[in-house]
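The first chain written gets the first letter, and so on, giving A, B, C and D; residue counts start at 1 in each chain.
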Amino acid sequence: MTFDFPILTLLILLPLCGSLLTLACRRSDLAARRVALFFALAELAVCAWICLASLPAAPAGAPAGFFLFEDAAWIERFGIRYTLGMDGVSLIMVFLTAFISAIAAVVSWKGITERIPLYFALLLALEAGIQGVFLSLDLFLFYLFWEAMLIPMFFLIGIWGHGRRIYSAVKFFLYTFFGSLLMLVAIISLYLMHGAQSGSYTFALGQLIHTSVPYGIGLWLYAAFLFAFAIKFPLFPLHTWLPDAHTDAPTAGSVILASLLLKTGAYALIRFGYPLFPEAARAFTPLLYVSAVIGISYGAWVAFAQEDMKRLVAYSSVSHMGFVALGIAAWSPVALSGALLQMVNHGVTTGALFALVGMLDERTHSRELATYGGVWGKAPVLAFFFLLFCMASAGVPGLNNFVGEFLVLVGTFRVSPAAAAGAFLGIVLTLVYTVRLVQEILFGKEKKPLALADLTLREGGILAVLAVVDVYLGVHPGPLLELMKTPIALLTGGK
Amino acid sequence: MEAILFYLLAAVTLIGTLCAITARQAVRAIVYLVTSFFALALIFYLLGAPLVAAFEVIIYAGAIMVLFLFVIMMLELAHPEKLAKPRLSEWWPALILMLVVIGSVAVLAAARQPAPPAAFHGITVREFSVTLFKRYGVAVEVISMQLLFALVGALYLGRRR
Amino acid sequence: MKIYLSLMLLFPLFGAAISSLFGRKLPRRLVETIACAAVWGSFVCAFLAACTYRAPEKVTLGDWLSAFDLLAPLSLYLDPLSLSLAVMIGFVCGLIHVYSVFYMAKELDYARFFALLNLFVFAMLTLILAENLPLLYLGWEGVGFCSYLLIGFWYTDKRNADAGRKAFITTRVGDTALVIAVAWLFQLTGSLSITQLNGMAFLLPGGVITGIGLLLLVGAMGKSAQVPLMVWLPDAMAGPTPVSAMIHAATMVTAGVYLLARMFPLIGGSATVTAAVAVTGGVTAFYGASCALAQRDLKRVLAFSTISQIGYMMLGVGAGAITAATFHLLVHAFFKALLFLGAGCVISAMHHEQDIFKMGGLRRTLPLTFWCYLAGAACLAGLPFTGGFFSKDSILAALWLKGGGLYRGLYLLALLTALLTAFYSFRMVYLVFCGENGRPHVHAELKAMQWVLIPLALLGLFGGLLNLPDYLGGGFLNGFFARLSGGAAAEASHLEELALQGVASVLALAGLLAAHLRYGGKARAQRLKESALSSSALTMFLLNGWYFDRLYHAILIRPYQALSGVLWRRMDEGVIDDSLDRLAAGLGASGSWLGGWTTGRISVYIFSFAAGGALILGYLAWLTL
Amino acid sequence: MTVPLYHVLILAATLFSLGLACVVAWRANVIMMLIGIEIMLNAVMLTFVGGSAQWGIADGQLFALMLMALTSAEVSLALAMVVYLHRRKRSVNTDDFDSMNG
């Protein structure tokens, strides 16, 4: 049974079409919302179908491990091809993208009151860009999507944000764009190098892998890649765009930023960085370790000092993504599984936390911790979810984050006990700031009377879905681990 | 003989120009300049370009300079007290630039001096015209268009509102 | 067996799920019934499992974590150790659930309470029954989480919530050591299964085992409130009394002891580890007992006594006497739950007054509570022939028999602690129950609550029957645990054993006598008067738990908070972000400086143009030169 | 022709730089600036003619002619503009016309 239907293209085009259609709904805001949600759900349905359909192990011409593959000539003069492929890892990320985007659409159902069609159009365009990043196997195509992703996000922050939104949007854009330009230079040099060696000028990942890069040059090229990815991650000294962007973005923007955009860096490092420059990557491993370990503790530590909920959660992202970086740096099967799992977990949990903070903000128009207190008595359902996601974020076993962190730590300890030992401190520090968050918001007495209604059905629905995913992944991560097994084995050369 | 004449004319040109650019009044400057252009026309003649020499006198010394004179008189700029003469300090950058340009060109031109032509002959008007209309026909057309545009532009700018 | 084990876990889990999800919609009686039924169902399963138990058994319920060679399925392991604890937990928790129904009768947020209580039972049983370390850790953190929320159950008071936070974070420090140990073990052996790891002890080098053992000890310190991570337990008394009884006396705090006992085949091989465990236990036992001497809050007395008693258990483990440690663990669970529940009755009757110097006269108004409480105190003090006497004595005997200077020293320390224990137990009894100046309020719930005490009192008093000394016919536990590695205790001659018990009973009676002299009869009134005055430095020292709280506050918490602010403001926003902002500002400034050349003056443009041309010319000339 | 091309070029360069100096120095008067431009253009014409004489090709002279045509167009427009600007600002000082300021 072969699949001639270009389902991967569909995954990218579906949100893009949705985006255009949403933009066309100038008359009715409700129609715009509905169209956007419809397309987001349709995307999710396609992803679900991919999961459920028993796809053949290897379609013709696909690299090992890929079960969906599309390849077409695009700009032949420069050897640029339209190559998309899906293996277990990208399926997970694509599914996460579709899921979180649908959630984001529902999250911003009420909160956005201006230029609604444009907002939802940008949201869907962003989804299309992210899907492209997760699917493309041609470096040029990848770069295209990588940059395309920035533009909607820039406008989402800049137009619908709060506070110093222009500053934050520009900061976000400049940071990531600077990194990407360095990556572009590296991509082009790699392209030229490969062309000079083999005579065929191509951007295809599958062929560029075989380029023999001199060690010294490889270091530079990998450094450029790593820099671009590390900014997205964000790794320790390159993280300062994140708190600003998160704080000033609209709720759904924060959700997508945390859940998806940060993942593209990690994903790209796994998909492109390591396979293209295995030796250089090994040389950079200590740096990555140090950065990850510092990031874990430092993010947690700084998060503790925050007064703004959103900023606190943003710094917690720095800490959590440190675990992902640690797992990738270890590059052992177990640690890498943990890193991938942690990407999903962080996406779901932190996304949920951002959504919750957004809901609180919508009700009281304050994100200061000092405003809150005793929310448990006022809004028990909200408090229940808040506690659940906080605990998930703190890595309480039985919920999802634990699984990822545990695998990362155990896997890393095997390879480099010293690096893992540094990260263990993060376990304590994470709890410290999480408990502070719970304490200040849920417990204690009301500091001043808050008009705090409990969750509406829509909000409750969002959180319930996320909570179910959280618990499910915490108790039964088997399917995900099974999906990523083959790709990881191929990547690491493990069993 | 011709050489001496050339150097004489060159001296006249340069002195005339120098006087022109340092003149106190715009009208005087124009008069000096006309003198200098006459000398230049003679140099053209010496260099075997009688046609260009003639045009130099007719168009430059005749038409263009007169145009300048008209404008100067029209704007009543002839009075010396109205002219803000450049101060000495403003001449310094100009002088430095001059030295650099002259020096560089001297060095560059000296570097590769072509051998003097074996047999020098002036270019006849016939030869000139054939080249102009045969090889550069299009350029002539373009230039004529340009003159037309200039005409229109000048009319537009000059109309009273 | 599989059905029993899975039901044992599922009952409380479902109870928790129902209470937490629908609890607020369901009628109160139903929620209470479900919660109690869940735990009793769990107990019945444990009991049936005990009846059908033949040999250690491993049951796999499903798949949890499996990534390449890392395998951590949902598998349970039933052996004498876990079985006896499971039965005890089911029974004690069941009783406490029933008690809570009455104790919390006025509480509006009953659904949350029972949901957490049930969830706790689930987590505790998971901890006990887990076959691999990650699953154990799940239970381990699960009980910590429930404890956190239950301590801060009355969250509107900031002090309660803070106490919960303190408990959660302090135990997390220990938990981290546990995770490190797990990671290390996985690195060394590639296995996470407890049974496999225990079987691999001989493969690992001694130094490594010492390291792992010490890490596990730190983990146990956190959970079991051992020095130096014990500061959270006294504060944890901020929770409702049944919670204190269940979590902070009977079950959760003994998890550390259980962990060390469980991993004993692995870590027992290292003399350093056992010595460290024993020293920790000895020091903690003494610390707890000394602090309990000066406490004024009834629940804090019990809390420090719990710390002290767990110290005894650790001593037992350190001496290699797993049976004795477990024996004491079981008996302690009964009598400490009894004491806490009794304290709950007292506090409830005294209008939530917890200061023992303000109580009195309850002997006559609450006779049932008094007698049960007395039984509990006798067990705690180790009066002869109570359960506590036999269990404590078996630990002391094991210490004595282990020999060597260190263990003999610890034995003496433990004896001193036993004396102190007897003293503060009866100090408490005298102050609370004797005298006249109490006006208790006996309500209907209180009467029901008292009945729960009776089975616990009986179990406490006759708990010794579980493991009688050899000269009285031998113990059941000894035989039961005999096949457990490390379970077989060293054999002592009957005479020696009698002598040791004699010493212990003399000390216990001496403590009783001292307490009677100081707090009994007329002296009591005198003490009450003194208590109103300012106390001595020593009393303050003991009352504040040797000022450990202040120490930690000064050396850990304050610097942490201060540094977090510094890191944020100075480091993150100051150095990292500001340098970039400065870079941006610099670029902007240079841009506008360059923009300044755009004066709009033609003369400037012309000059720049000419100068540029001249420069190019000059450069060309320079090239030719 | 007895004069070496070198000397012609030197003359042209001197003439050119005089024109340049005029343009740079006379910022206060547009008319003088335009005069400077004329001088420079004449220098260029001299170069063309000199080259034409050197190699005996008509093209150089031809370009001189074209330059002349171009100049007349330029001058007519420029002077018209000067008149126009003077009418607006009553000034011929170039520094007064700075509306292109960034």
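Just so we're on the same page, a contact is a pair of C-beta atoms (placed from the backbone, for glycine too) under 8 Å apart; a residue touches a chain by one contact, two chains touch by 3 or more.
Everything numeric in this text was worked out from a predicted model, so none of it was measured.
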{"item": "Chain whose Cα centroid lies at the greatest distance from that of subunit A", "value": "B"}
{"item": "Central chain (distance from its CA mean to the mean of all protein CA atoms)", "value": "A"}
{"item": "Inter-chain centre distance, subunit B versus subunit C - centres from mean C-alpha coordinates, in Å", "value": "103"}
{"item": "Whole-Å gap separating subunit B and subunit D, where each centre is the average of the chain's CA atoms", "value": "7"}
{"item": "Interchain centroid distance [CA atoms averaged], subunit A/subunit B, Å", "value": "70"}
{"item": "Computed distance of Cα centres, subunit D from subunit C, in Å", "value": "96"}
{"item": "Overlap residues in subunit C, where contacts from two or more other chains coincide", "value": "607, 610"}
{"item": "Of all residues in subunit D, the ones touching two or more other chains", "value": "20, 24, 27"}
{"item": "Subunit B, residues touching no fewer than two other chains", "value": "93, 97, 101, 105"}
{"item": "Interchain contacts (touch definition) - all pairs", "value": "A-C, B-C, B-D, C-D"}
{"item": "Subunit B to subunit D touching residues, read off their complex", "value": "2-3, 6, 10, 13-14, 17-18, 20-21, 26, 29-30, 33, 37, 40, 43-44, 46-49, 51-52, 55-56, 59-60, 63-64, 67-68, 71-72, 74-75, 77, 83-86, 90-91, 93-95, 97-99, 101-102, 105-106, 109-110, 113-114, 116-117, 120-121, 123, 127-128, 130-132, 135-136, 139, 143, 146-147, 149-151, 153-154, 157-158"}
{"item": "Residues of subunit C that touch subunit B when the two form their complex", "value": "607, 610-611, 614-615, 617-618, 620-621, 624-625"}
{"item": "Of subunit B, residues touching subunit C in the complex", "value": "93, 97, 100-101, 103-105, 107-108, 111"}
{"item": "Interfacial residue positions of subunit D with respect to subunit B in the complex", "value": "1-22, 24-29, 31-32, 34-36, 38-39, 42, 45-46, 49-50, 52-59, 61-62, 64-66, 68-77, 79-84, 86, 92-93"}
{"item": "List of subunit D residues in touch with subunit C within their complex", "value": "20, 23-24, 27, 33, 94-95, 97-102"}
